[in-house]
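As written, the chains take the letters A, B, C and D, and residue 1 is the first residue of each chain.
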Amino acid sequence: MILNVKRLACYKGNKYLFRDLNFSVSPGQLLLIQGQNGSGKSSLLKILAGLSVPEKGKVYWGSDTIWKQRDKYCNQMSFLGHKEGMKRNLTPIENIRDLLIMAELPTHEEKMKQILAAVQLQAHAHYPCYQLSQGQRRKVALCALLVKQKPLWLLDEPFTALDKESIYHLQQRFIEHLRQNGMIVIASHTALDFIDLNDMITIVLG
Amino acid sequence: MLKVFCRCFFSDLYVVFRSTREWLSPVLFFMIFVALFGIGLGFDGQQLIQISPMIIWVAFLLTSLFTTESIFRADLEEGILEQLALSPYPLWWLLLAKSFAFWIASSLPLMLLMPFVGIMMQLPVKEIILLVVTLFLGSPAITMVGVLGATLTITLPRSGIFLGILLLPLYVPILILGQSAIINLFSQTLPLFQIALLGAISLLCITLIPHAAAAALKTAMNE
Amino acid sequence: MSHFIQYLIHLGTPRRFYHFCGKLFPWFMGFSFIAMAYGLIGGLFLAPADYQQGDGFRIIYVHVPCAFLSMFIYMTMVIFSTIFLIWRIKLADLIAYSIAPVGAVFTLCALLTGSIWGKPMWGTWWIWDARLTSELILLFLYLGYLGLYQAITEKKLAARMCAILAVVGAIDIPIIHYSVYWWNTLHQGATISQWGKPAIDMTMLKPLLSMITGFALYTMAISCIRIRTEILQRDFKLKWVNVLVKKINERH
Amino acid sequence: MKGIKDNMMSIDGMGGYGSYIIASYSIVFLGLALIWIRSIQKAKRLQIELREEK
């Protein structure tokens, strides 16, 4: 499966954020979307996720557009936006379980704990999320992403509020995912300093 | 399909019942509202019996109006709605589960209180039973209408009183039917017609509104 | 029929519709004045006094057109909102939004004249009967629609949200009407809404029909202006508007 | 002609309904005028705006 974008245009607040955008991401590739604040990074990512409809252009997943095969596409993609998608009153374990069930996946308690342990959150596994810091919540959300193991990851500013060590750890996970023929799209205004990849495409918006 | 419904439902219930303030404050509001009327009219027992069903109905509607604003507020801030919209399951199904949970959390406590409130307001047993029955049949419609209002105003920062203007027209038929059911009982006839109609409206709301709300929510995500 | 549909599609672009409205406007306005003038003269002077209500019934000539148009405009809004929701034709939403304030004013007029009429007839300014209640709720629906449209800053979003609201309201109004109606008939028997039903005399009916037609044409004329303004506002940045403005500037 | 005249006479007195009739007619036509004025105002304002813009 290839993610293919053709002649995409996004119109917001009386002007075009971008026009005639063409690119494709194939298995094992990472796409980095860069640009200043307000240049349309998040909007582009939302379009790719199918959350919003572009002014013009099409997004293909394989041979068909993502809007035609929405259920199938949603099944092969995980999206992490600005907001974590974590309920404040639920524990990390419960949150991850919710996300897994919503994605039609089996829930292994052990596996979830393992992954939480890998980011030093095992002690917090059974406390409500409002006790966690911003960065810790972000980590939980990324854990959910890792457990889900969907081929395509769409990540909006995944590194905000994370410490250096976690960023390093996360980027190792990215490389692992790419080796298993996964695809990653990242919107970020910082460069990926730890990753040294041949198969990286960069788009600069604005 | 059913599994995801249950998951969505229970996790919403956990969220509400874990924070006492969230489910208790509407109940308290309801009690205060009714008690104020009771105190104000307390010396005239006959008059109280005449209008107390109306007071309880209005208190119920106002309480649900105040809770309506918060249905999706937290979910929007936490990004849950985006995840719901991206689930392979149809959004209306998930919304139905959420609405059901919201109904349990907001309407059920009030209905359980009804016997006590009814005694406080000097209602005879028969009327209390009828009040609970009509509320039970009407409240799903009230909740669903609230869900629709909440999705329509989801992008507004403070929807408060404006939501009232939107929801008032939609509350009116339910209020009228509930009210007329009780007035019928005063004249010693069993108001089966109103009860059936209330049930029908609730069914209509349960089947149609999740679709409308899902469409509205998807558009709101677009922004 | 297919020619007609083709013609409609041809009109579907804002630019064509703008000019179309411009051409229709004087006709609507002219005929509406004629119809209203006949209605006024006929209603106030030619028609005889009612045998029950005396001259009080003459309020019918403004009340009924207002009430009719308030419902009619809402129905039109609902139809255009449905078209917008199904086929996503932006022009449909634009028309619905442009006529909504007109409908709100008519609803308010119908309510006020209704209660003025009610005072001498029923002895009270207001009763909660089916027609008055549903008219009041209709006013709230109009206000809700307009308020929501203005409150949501993202206009595309506002359009869809309001279209959904309009359609839901359309289901709501008959339910309210009949629930009050049944309530009244069950509870106190039909007492209020039954008077004055015998066959209406032609000298009374003709001015009424003429008045309704006049009001409807007036609404359409006003709608033409409002729709044109709204089209210009939404297509502010487009080329054809530039050309149009240049042409008007040259003429001045 | 006589019939019309009779009716005119009754309008003069209006059988006690005169104030109600005048009130309702004036409200409605005030309403009509109001929509008219508002719509024209809006159109004019936009026209000025457009001319200044271009």
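Basically, a contact is a pair of C-beta atoms (placed from the backbone, for glycine too) under 8 Å apart; a residue touches a chain by one contact, two chains touch by 3 or more.
For clarity, every value in this text was computed on a predicted model and none was experimentally measured.
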| item | value |
| --- | --- |
| Each chain counted as touching subunit A and subunit B at once | none |
| Distance-to-centre winner among chains (Cα means, whole assembly as reference) | B |
| Far-end chain from subunit A, centres as C-alpha averages | D |
| Separation of mean Cα positions, subunit D and subunit C [Å, integer] | 16 |
| Inter-centroid spacing, subunit C versus subunit B (mean Cα positions, whole Å) | 33 |
| Subunit A-subunit C separation of Cα centroids, rounded to whole Å | 49 |
| Intercentroid distance (Cα basis), subunit D paired with subunit B, Å | 44 |
| Pairwise touch network: line, ring, star, complete, or other | line |
| Chain-chain contacts as defined at top | A-B, B-C, C-D |
| Partner subunit C, residues of subunit D touching it in the complex | 3-4, 7-8, 10-11, 14-18, 20-21, 23-25, 27-29, 31-32, 34-36, 38-40, 42-43, 46-47, 50-51, 53-54 |
| Complex interface listing, subunit C residues touching subunit B | 85, 133, 137, 140-141, 143-144, 147-148, 151-154, 156-157, 160-161, 164-165, 167-169, 172-173, 175-176, 179-180, 182-183, 186-187 |
| Footprint of subunit D on subunit C - complex, ascending | 44-49, 54-56, 58-59, 62-63, 66, 101-102, 105-106, 108-109, 112-113, 116-117, 119-120, 218, 222, 225-226, 228-229, 232-233, 236, 241-242, 245-246, 248-249 |
| Residue ranges of subunit B touching subunit C (in the complex, touch as defined) | 148, 152-153, 155-156, 162, 165-166, 168-170, 172-173, 176-177, 179-180, 183-184, 187, 193, 197, 201, 212, 215-216, 219-220, 222-223 |
| Parts of subunit A lying in touch with subunit B, wherever the complex brings them together | 46, 49-53, 71-72, 74-75, 77, 79, 81-90, 94, 97-99, 101-104, 128 |
